[in-house]
Structures are given as C-alpha cells and as structure tokens.
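Mind looking over this structure? Questions follow.
Chain nomenclature is as follows: A, B and C, assigned in order of appearance, with residue numbering initiated at 1 for each chain independently.
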Amino acid sequence: MRTLLELDRVEARYGPVQALHGVSLTVGEGEVVAVLGANGAGKTTTLRAISGTVSRSGTIELEGKPLPRSPEAVARARIAHVPEGRGTFVDLTVEENLRLGAYVRRDREVKADLARVATYFPWLAERRRQRAGTLSGGEQQMLALARALMGRPRLLLLDEPSLGLAPLVVRELFRVVRELNEQEGLAVLVVEQDARAALSVSSRAYVLEVGRVALAGTSAELRGNESVRRSYLGY
Amino acid sequence: MLAAAFADFMQQVVSGLASGGIYALLALALVIIHRSTGVINFAQGEMATLSTYIAWTLWANHGWNYWLAFPATLALSFAGGVATHRIVIRPVERGSVLRIVIVTIGLLIAINGFVIWQWSGEPHQLRSPFPSDVLDVGGVAVSVQDLGTIAVALGIVVLLWLLFQFTKVGLALRAVAVNPEEARLVGVRVSWMLALGWGFAAMLGAVAGMLTAPSVGLDPNLMQALLIYAFAAAVLGGINSPVGAVVGGLALGVILNLLSYLSQYRFFDWFSEELRLPAALLVILVVLLVRPGGLFGHAEVKRV
Amino acid sequence: MSPRVTRAVGGLAFAALVVAVAVLPAFVNDFKAQQYAYVAIYLIALLGLNILTGYTGQISLGHGAFMAIGGYTTAILMAGNEQFGGPLGGGLKDVWTLPFAALVAGLFGFAFGLPALRLSGLYLALATFAFAVAMPSAVKRFEEWTGGGSGINLFGTPELTGSLTNVELFGWELTFNDWLYYLTWTVALLAFAVAWLILRGRTGRAFRAVRDSEIAAVSSGVSLARYKTLAFGISAAYAGVAGGLFAIANTFVNPDTFPIALSIFLLVGVVVGGLGALSGLVVGAIVIQFLPLWAQGEDLGALLPDRIIAETQKPGGPAIVYGVVLVLVMFVIPNGVSGLFRRAGQLLARARMRRT
C-alpha cells in the first residue's frame, strides 16, 4: 500500500504553549488510521497541523510532495477536514452546506455528486432546504461528513466525530465511515476519544500522549495491549 | 379636497421611497461590511463622496460621457474598496475594537481632507442620470428623478440578492459571514472574500452618492448627513441583516417624509426640516437602547 | 528595577512635571500659555475617558457631548439670566461653576450608562456617536436654556475672571491667558489626584476586573451594572469639568463649540496617547491640541521639508496628514505612546536581567 500522508517530527504551538513535540505518523492510500489519546494529548492539534489551521514546523508530505501550509491550499489538495464540533454553516441550508463542500472543484459534476452523496445519507435529500442549524447533533455530524465527501477528497480528517452524540448515532456514523472507506477507497485519519468505536473501523492506530506518539500498531495489536485496554478501553 | 390631500400624501410617499432607497443602498453597504468583517466603517460616507467626486471629475473636467463615467466610477470604487480592505483593514481586523474604530476614523478624516485638497470645498454640480420631467400618475405628480432613483436602488438590491443567493461567489461570501474558520477549511480564500465585500460596499456607496449629488449639490460634506441616515436605517433593520437595511432605509425615508408632510397639521407642527437629522439620531439611540438587534436581526447581547 | 525604585522614579518624574508646569508661563509667550491651558483641559477630559475606556473597556465617541453639557452648565450659571432671561443662571463666579458642571454632566453620564449596559464594543461606539452628533441640535432646540443658535457669551461678564481686567493673584498680575493656564492646570492636578485615589482602591480594582473579563468579574461578585454605569458617570463628570473650563477658555459657548470632531479627537487622544498611564494621557492631550497645528507645518511641523509643508497647507492637506498619521500610529503602536514606553521599559528590564 502506498503512503498517502506522512508526518515527520511535526511540532506545533499555540502562542507560547507547545502542543506537539514531534509527531510522526503515516496514512496509506485507502487506509483508516485512528489517533487515540486523552484530552490535551494533541490529537486535534495534529489534524490542525495537517489542514494548516495551526502553524507547525516539521515535514508533512502528501504522496511524497510537501503539503502546503494554508487551509485553502490543503483543501485544494483534496484533504477534507471535518473539525471538532461539526463546523456546519448553521445559517445556510443543507444543500448550501453541501455545495460549499465542493467549493474547490471546477468540474461540472457537482450536481450529480449531490445525488451520489445522498445515497450514503438518504435523509439529506428531503431536508435540502432546511437550515443546518436546526438539525440535531448527529444529523449535523452526518452533514459535515457529507459535505467533506462533496469535495471528492483523497483523505478525510475526522476530529472527534462522536463528541456529544448518543452511542447509537456513533455506531451509525462509524458504519458510514467504514462504508465510505470500502466503497470509495477514501483514506481516513480519525481522531477519537472513543477508542472502541475508532478501533472498530481502523486498521492501524497511534496513541498520543503529551504531544508525542507513545504507541503505534495495528488495531488488533492495540486492542490487545494491556495499557491501552486499561486507559482507553476501560477493561 | 380629499383627493388633493391624498395626491400630496402619495407624492411624499414616493419621494420618501426615493430618498429611502438611497439610505438603503448606503445602509446595505454598512451591513455587508459589518456582517463579514465585523467592522462599522465610519468612513463609508467619505468613500462614497470620493467616488462621487471621481464621477463628477470624469464627466465635468475630462469630458467623459456620463454613461461612461457612471460604470467607470463603479469599477474604480469597487477596486478602491478592495484595496482599502487589503491595505488598511486587514492588518488590524483581528485586533481590538478600539483600534479598528480609530483606523476607520483616520480613513474618514484623510479621505475628507483629500477631497477638499484635490477639488476644493466649493460646491459643484453633478448631472442626474434621469431627466427632470414630472409624470402624472393617476393625479399624483411624480418626478422621473424619484422613480428612477427607486428603480436603480431596487434594481441594485435585486442584482446583489441574485449574486448572493445563486452564485458560487455569493455562497462563499455568505459562508464567510457565518463561519470564516469553516470556510477556510472548504477552501474559500477568506480574506479575498472579505475584500470583495468591501468592494461591493464601496460600489453601493458610489451609487448612493451619484444619486444624491444631483439634487443636493456636490461638496465635501455630501454624505455626512446621509451616513447618519444610513446608520439609522441599518440599526433599525438590524445591523447584520441585508433585508433589514433595505426595509429600514425605505421605511426611514418614508417616515421622515411623512413627518414633513404632516407637520402642516397642528398635531405634528413641532416637526421641521432641521429635525430630520436629529430624528434619525433618535432612531439610532432608541433602537440601540431598546432592541439592539433591530427589526430583523438578533442582537449580540451579552447576558452576563 | 525593584518596585520601590520604580515608584520613586515615578514620583520624581511627577514632581518634575509639576514644577515644570508651574514655571512654564514665565518662559513662553501669552499665546502659548493659552495653548497649554487647552492641553490641561483635554487632559482632564482624557482622565475621565481613560476611566471609561481604559479601565472598563467601554468605547465612547460621545465625550464631546458631555463636555458640552458641562460647558453649558458653566455658561448658564455664569451669565444665563442676564443674556436671555433664561429660567436659570447668572451670577456665579467661573471657578464655582465647575463642581456643578461635573455634577450635571455626571448625572447625564450615569443616565446614559444604564441603558448602554446592553451594548458593547461597536454598538456602544455608534450610540455615543449618535449622541454626540445630536447634541448641537438638541442645544439649539432648548433655546430657553441654552441661548439657542447664538449661544451664551462670557467675555466681558464680571463672573469671568480676567475678562475685564488683568488678574491679581498673590500680589502678581496675570494676563487672562496666564490665569487660565494656572486655573486649568490646578484643576488638572486635582483631577489627577482624585482619579488616582479612585483607581488605586476597590473601585479601581473592580474596574480593571470588568475590563479584563466580564464573566470572571461577575463570578467574583463584582456587579457589572454598578461599576460600568459608575464609570460612565465619573468619566462624564470629568468631561463636564473639562467642558466648563473649555467654556471659560473660549469665553463663549454656542452649538458649534462642541462638534462631533471634538468627541472623535478625545477618543483619538486617549488611544494614541495610550490607555492607562498618566504619561500617555498627557501625550494624548498634547496630540489633540498640537497635531492639527503640526499637520499644517507649524511648530514641530516646521521640521518637515518645505515641499511637503506647501502641500499640507492647502485646505484639506492637514486633514490628510492627520488621518494618515492616525492610521499609521494604529498599525505601528497599537497600544499608544505609553504602550511604547512600557514596551521599552520591559525590554530594558529584560536586558538588564540577562546581564546579571
């Protein structure tokens, strides 16, 4: 499997506070990789470093070429970042949110894609004209995912998708992620506190502690790992 | 007798809509800028004055055909608005509110000074885009000027609405106003969108100036009173609501004109022409203090 | 530098300032003395505005209106009845009108501050702006109180010290301008002392808490409503005193004495000078009085090359310079001149620490 994204000793800071102390990880084409860790471990910051919403040093390469640093350019490189808290445009309609997902595309198939995306989220079609802010938390998360899809991304950055959602909804969400990965060959880098849910779809995972990679391995290995089980899986 | 009174009344309504249309344009400019960049552009009026002077100088001093000068001025104003945002506003956009206020005030002072410096303070005359005929519509005397002004104002508002609702750029502009961070993530070049907003706003101001100058004369203070009316309209309608700006502007124009009209009757005889401006100021104060969100907006009230 | 040394230096600097102020008129001509008197007037207004904007973070583009209230109070109390048979006024000596100017303006400020609680940032700026623009019209409207468009003339009235003859003070004979100078600076000194007392105590701490974080302040039990409106009232009172002195200095008041430009210049002064420290406010007051003159090539402005001065002396030129300088200052020293001094002090302290 070819490497799609590679981070090499990436550091990032928020003003005087350093959040990442050298994170190295890879995501292969079509792979689902999870990033686990406690609050404040630097998981979200890692995604932000990739999408360019926080300033970073160190190397990030997409298919062997350096990744640009501005969020707009990263979006144009077909990396879709679904941030913490969904990030839906609450005052705009569902359809407008979806169209914005395709902002960087210049082809004529956007309209067709609206239909295609609706196959993964059937309820979207009926709610096209509904104001996004009136959707439930779970629906907004699905909308954010659908919006990311509209950009025909190669890599999806998912930040804590389960936050604030009921377990049933979380299960459905990750089912869709797995389906997207299998049907579209979409690579996914998912950051999660819900380790069990994340490990159920990922093939590999990293565990971050205090801005560094503490553990890495296949999901099966990590699921069997004693300390992971105790700290993140609860048994 | 009643017919005559009604004709008078309608006349006032029509001319109220005309002046209200101009308020609406400038108010819309203020709202666009505030919605996207969070800045109240105290210099909006002076920028419009500058644009109007440019139109005048192209037409009067350089012999351009008026119908060439008009769009040229719009284009120049658009460029000027974009440039103002990129050069002057962007560096301080994220800073303290106070800093932004002082910067726009500095712009106000400098632009006003420039207009006087370049063209002197003497009044000039800019021709109107419309003929000065008066039509008879069902017994009501309506000036073509007023009709034309209403048509232009509403026409521009509709065009802008179409742009915002149905184009990709318009969608991006609206997205930036709602959630700029998110817009960056989907690939929108946010700061250029903001600059575009300033460009549109400058263009709106230019139109407002070119519609106003023919009747009141062109001098450096052209837009000062108008800016106050525009603030009143924007605040009345809701300072983040484009619909509010238009409705507020038209309503303000009509109400002020009606008050003038009614002042011939005893109940309203305290109202005089010179009270128009204070009335607008009162509107600003009352709305801000009673319902800061205006008619169509949600107030950013901090409840602590 | 240890806090004790800093305080000693500050105290010495202050003492030096007081001495300098006291002897200045002996070295400058009469006209200059008047200009420096205006600096003192602006300083008083800025002391008040600083409390409002620097300490509770509320922006006002309307303090010229509070000055107007104070100025008209003074004028009415001095010469009202005689001039236009108004319902109030006449006969009070200039200095004694000042407490009333403070009181009336302060009450208006308090009254404004109450509804203004729901406004923040730009909205408050807009509301105060509207207030200031409306003030001249309001003044014209209430003719019976204010003398309408023609205003109130103080020159030549017996209540105005020195308007008829030179002033006799402690055996010295002072011209009107000299007397004005000492009056304004004495009041400024008193105003500063009062501000210093207010700010170092509990009230000052509460103000600072409000500025730094309203949410934190409330959870510490600081009543936002009380302190924000108090700040409005106090700052308006200061503006009122400044306005009264302004009326005395101008020797008249009319609706055009307190235009919106005054409110704008006051805010400019407090921001360019720098919020917080007294040194900044003095700089701010100097900027208000002298920058328009410098922009025309006078005084310090004479340092500019001749070609530039020729251009800036054309009408509109000084305004361009003023506006551009304003924008540049906001780019380069957003915390004002006193912020610059503070930064320089910090850098010095850090350099000294590195050496030891």
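To be clear about the criterion, a contact is a pair of C-beta atoms (placed from the backbone, for glycine too) under 8 Å apart; a residue touches a chain by one contact, two chains touch by 3 or more.
Just so we're clear, the structure is a prediction, and the values are computed from it rather than from any experiment.
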item: Farthest chain (mean CA position) relative to subunit B; value: A
item: Chain closest to the middle [Cα centroid of all protein chains]; value: B
item: Rounded Å distance, subunit B centre to subunit C centre (Cα mean); value: 33
item: Whole-Å separation of chain centres (CA-atom averages), subunit A against subunit C; value: 55
item: Centre-to-centre distance between subunit B and subunit A (centres being mean Cα positions), rounded to whole Å; value: 44
item: Where subunit C touches two or more other chains, by residue; value: none
item: Residue list for subunit A, restricted to those that touch at least two other chains; value: none
item: List of subunit B residues in touch with subunit A within their complex; value: 168, 171-172, 174-175, 178-179, 181-190
item: Touch list for subunit B against partner subunit C, complex; value: 34, 38-40, 42, 88, 91-92, 95-99, 101-103, 105-118, 120-121, 220, 228, 231, 235, 239, 274-275, 277-278, 281-282, 284-285, 288-290, 292, 299-302, 304
item: Contact footprint of subunit B on subunit C as seen in their complex; value: 53, 59, 61, 115-116, 118-123, 125-127, 129-131, 133-134, 137-138, 141, 214-215, 218, 224, 264, 267-268, 271-272, 311, 314-327, 330-331, 334
item: Of subunit A, residues touching subunit B in the complex; value: 51, 53, 71-72, 75-76, 80-81, 83, 87-92, 96, 99-101, 103-104, 147, 151
